[in-house]
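So the structure is just underneath, and the comments pick up after that.
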Amino acid sequence: MPGLEDLYREIILDHYKNPRNEGTFPSPPAIKAEGHNPLCGDELTVYIMLEGDAIKDIRISGQGCSISRSSASLMSVAVKGKTLAEVDRLLKIFKSMMSITTNASGEPEATEPIEYSERELGELVALQGVVKFPVRIKCATLSWNTLLQALEDRAS
Amino acid sequence: MKSPAATLKPLNVSEIRKDFPIFTHHEGHALYFLDSAASSQKPLSVMQAMDNYYSTTHANVHRGVYHIAEHATELYEGARVKVGRFVGAPDPATETIFTKNATESINLLSTSMTRGMLKSGDVVVLTEMEHHANLVPWLIAKEQFGIEIRYIKLNDSGYLILDDIEELLDGAKVLAVTLTSNVLGTINPVAELAKLAHDRGAIVIGDGAQFVPHIATNVVDLGLDFLAFTGHKMLGPTGIGVLWGKKSLLDALPPFMGGGDMITDVRLDGFTPNELPWKFEAGTPPIAEAIGLGAAVDYLENIGMDRIRTHELELLSYAFEKLEANFDSSIIIHGPRNVNDRGGVISFDFKNIHPHDISQILDQSGVCVRAGHHCAKPLMRHLGIAATARASFHIYNEHADVDALVGALAKAQAFFS
Amino acid sequence: MKSPAATLKPLNVSEIRKDFPIFTHHEGHALYFLDSAASSQKPLSVMQAMDNYYSTTHANVHRGVYHIAEHATELYEGARVKVGRFVGAPDPATETIFTKNATESINLLSTSMTRGMLKSGDVVVLTEMEHHANLVPWLIAKEQFGIEIRYIKLNDSGYLILDDIEELLDGAKVLAVTLTSNVLGTINPVAELAKLAHDRGAIVIGDGAQFVPHIATNVVDLGLDFLAFTGHKMLGPTGIGVLWGKKSLLDALPPFMGGGDMITDVRLDGFTPNELPWKFEAGTPPIAEAIGLGAAVDYLENIGMDRIRTHELELLSYAFEKLEANFDSSIIIHGPRNVNDRGGVISFDFKNIHPHDISQILDQSGVCVRAGHHCAKPLMRHLGIAATARASFHIYNEHADVDALVGALAKAQAFFS
Amino acid sequence: MPGLEDLYREIILDHYKNPRNEGTFPSPPAIKAEGHNPLCGDELTVYIMLEGDAIKDIRISGQGCSISRSSASLMSVAVKGKTLAEVDRLLKIFKSMMSITTNASGEPEATEPIEYSERELGELVALQGVVKFPVRIKCATLSWNTLLQALEDRAS
């Protein structure tokens, strides 16, 4: 059985207790998307401010467990200031990291594993241990899926 | 709720645990199973009843003339009578319908009722503490047929607010209410509510999923017209639920699903439904599961529902005492403080620790509790939270389980402080 | 139907029978079980898979953070993938829905479709050989929502009459047809029909209850949009059925039953359905039964569906030969004479002996056949009879079963002459 | 296991092969009722001609197994010429005889056992063995239930 230290790395606890980019933006101009984790009831809202093809700023509000909250906080730091192309790659990398195993439901994640270096991940690497706790994968991916939805809503 | 006589012989839990293979299996790395409200464990006798059936006499029921098919039918219909009697059905052979779970039992009602009994604008009264199983079927009926839903509200102690109950029930066609809340543990005053509803001509549906497995149930004393419950929470197998209904109402209700066994005649242009109870059982029923549920009922009756209730009350008191003593103001326990008003369910929250994290850390100590919205999102919103952690009991639980819970919670608290 | 390569290794039936406890149990007073079309027997591995599950890792699925609940979820979802793959589902984890039986699978479709896809006057095309499971749900939809039903007729050899098929399908929204008739044995040209239906924009539903247990199935090759089948006829437990559906159609379809697990959010005034496949699985699913069905699929795949089909074809030929040789003109065998066009099902009649009496007398010799309308009353009317006797095969049947059948039929004939 | 001779008594086979009172009456004046056995698909129509409070004549048509057909034939003989009160008693006696055990569905038959002498049964006694074959009880009672229905239809 994997130990708690695999899951609750120090960076995670730090981001959980001191979440970055917490709050809201008026929408519009911000793009806003809501995410639910139907398994546990967690809810999260992502607000992004675009400038050109980059995420100029981001805010996150909602309720969630340490994994979902810290993942959201880590994500906000990772994507802030990045171009949409860069964000897209981060999204792919993150999903790939989270699909080393099958997810909570035993389904193989749809995303193809892609090549990346740990360096690209930055602090996100702290979430690597989550895959050993399949049920928690949905907690870690909630914010990323919600961000994706915000970007897609904008596109359509 | 009056508590059963204190003179009942206490359960011999260590003997009982030997009847449940899962506790033997996990003996080494101890299993503190505190999630029976989600699904209970099964005694060996339940598995054996099903295996015996499959190994000696399985065949499809109701239609075979050969002996194993006849015997299968006898076992299946025998289980029906047993399960119906267990909840005090006056005519168990006719009024007891097997479904796949409590959820199907309620969907059967909401769907069949909208095929004749309920029409647009008709009022169904629910409570804000209902499980999704007793909410979403009515929301679908609302969406599809325009029924109106009214809710009985809750007070801060986790009880139904009955001040305006007569108003709420005024003109209502249906009152559908849970007997025991799966989150708050509240045991609702269903007999009282049923009387008020009947006085106004409403049909009364009880959701017994959390009540029937733990407390001696009598549909007549409770004043119910329908009662839904589920096998897997009462030591029975998965894949089986029950709907009990008053014969006259079941007779008046149109069928739910169509298919084999539920018909008297089928023509290319129409069909004639079968008699009760088969009218509501389309297709091959969960035969082995009904037999398994019958064995679960035998097991429960053999121990005695009143002894089980007494045992759970004692555990509840012990747990309250320990949790309050150890965590004082850092823990919030939801629902009534008087254990006599609760089923064996304790939902709680810790400041600064999310239920998911609690459950995760408890798991490291082999303590199994559920974290989440417990399929009661409107109730969660009422409580102003997204999730709780929930510990729940059945006959195989003992003080050691509560002690392990408290110990592991202390660890979680340390971890996140 | 092309027959599988003749070079396949024949089944070792006496070894196979050892895997089925019921044959060991009845060894003394031999059991000639010829009623697998009603329900098949179960190998020990299926019972063991369920017992192991209950004895080591039972907990409710999808919501638990603790390890046995996670493991239960993995086993349940793993069974889903296994069962979906077994019928060639392109995306088995998403497109495979567990129900309680094939009947529920079809009711799910007929009910959900009338919540948006089908409206009054829309045409559903069925055949006159359908089982009640694929008739009554549509008759209910007709009664409730005014859909129109058209029927593909049958000829005297038990085949569908396809002369006017283009007319019948013209303007149709749905074609729902059985892959194998449970009475006539006829294997319908479903791929061909599906093409014709798709050309006209209709959705194609296959009833695979009698096909999937016996013949390698691939939903893509068959051109289906939906496929319903049932666990207990394919060596699996009772209490579980399957609906496979194309992802895009399942996505477009509104939910069937409401309750836990099938929602993303519930408010007092409405709800948001969950993703596939859970959107269609309300309440606690048949967890152990799904795992048992997974074990049944393992067992079937391990033997090989093509070998099973070859075995049944051989038995069919042998049975035809023996029945015709012994009873000549006094027996009427229904359905196609070409065994390659049939599943392992033989329905027959004797002049002057009612099927009930046949079955009764056969029972005295331990021969189990079914007598009755086989849940296909419109087909019975077409045949001009009230009932037939039906013998049907699965992997554990052998020449001895056919011989016992023929011997017992001779006794019945003598008795009633 | 009970033997075939318990079920297929000679009288039964005789009535099966040579059914009495087979046929139809125009209705009206005859009272007509249809019965189904949903388990096996058997169908039976009973026609009765009343005169005062007696069954003056009876005809039966339909399809069925030896038990259902012979029971119908035996019934027709037993009730022909009898007053409704006598028929009512025969009905009760027959149902009571058929409920010595539970029926096919394991339900205890609703009818109370009543006191009667075998002599009252006459040839009907031949059907006594049917109770050993629970599935067949519905075959034996189909005609009686259909008769009962005809009498009830008339009453209402």
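Letters A, B, C and D mark the chains as written, and numbering starts fresh at 1 in each.
Please note the rule applied: a contact is a pair of C-beta atoms (placed from the backbone, for glycine too) under 8 Å apart; a residue touches a chain by one contact, two chains touch by 3 or more.
Every value quoted in this text rests on a predicted model; they were computed, and no experiment measured them.
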{"item": "Touching chain A and also chain D, the following chains", "value": "B, C"}
{"item": "Inter-centroid spacing, chain D versus chain C (mean Cα positions, whole Å)", "value": "37"}
{"item": "Intercentroid distance (Cα basis), chain C paired with chain A, Å", "value": "44"}
{"item": "Whole-Å gap separating chain B and chain C, where each centre is the average of the chain's CA atoms", "value": "31"}
{"item": "Overlap residues in chain C, where contacts from two or more other chains coincide", "value": "63-65, 67, 69, 263, 265, 356, 360, 371-372, 377"}
{"item": "In chain A, residues with contacts to at least two other chains", "value": "1, 39-40, 136"}
{"item": "Graph class of chain-chain contacts, one of line, ring, star, complete, other", "value": "other"}
{"item": "Full enumeration of touching chain pairs", "value": "A-B, A-C, B-C, B-D, C-D"}
{"item": "Residue ranges of chain C in contact with chain A within the complex", "value": "62-65, 67, 69-70, 73-74, 76-78, 80-81, 93-94, 263-265, 272, 274"}
{"item": "Residues of chain B touching chain C in the complex", "value": "21-22, 25-26, 31, 33, 35, 38-39, 41-42, 46-47, 50-51, 54-60, 63-69, 100-104, 106-107, 110-111, 115, 128, 131-133, 135-140, 142-144, 149, 151, 230, 232, 237-241, 255, 257-263, 265-271, 282-289, 356, 359-360, 362-363, 367-372, 375, 377-378, 381"}
{"item": "Touching residues (chain side chain A, partner chain C) in the complex", "value": "1, 36, 38-40, 102, 104-108, 134-136"}
{"item": "Touch list for chain A against partner chain B, complex", "value": "1, 3-4, 7-8, 13, 39-43, 63-69, 133, 136, 139"}
{"item": "Contact set on chain B toward chain A in their complex", "value": "354-357, 360-361, 364, 371-373, 377, 380, 385-387, 415-416"}
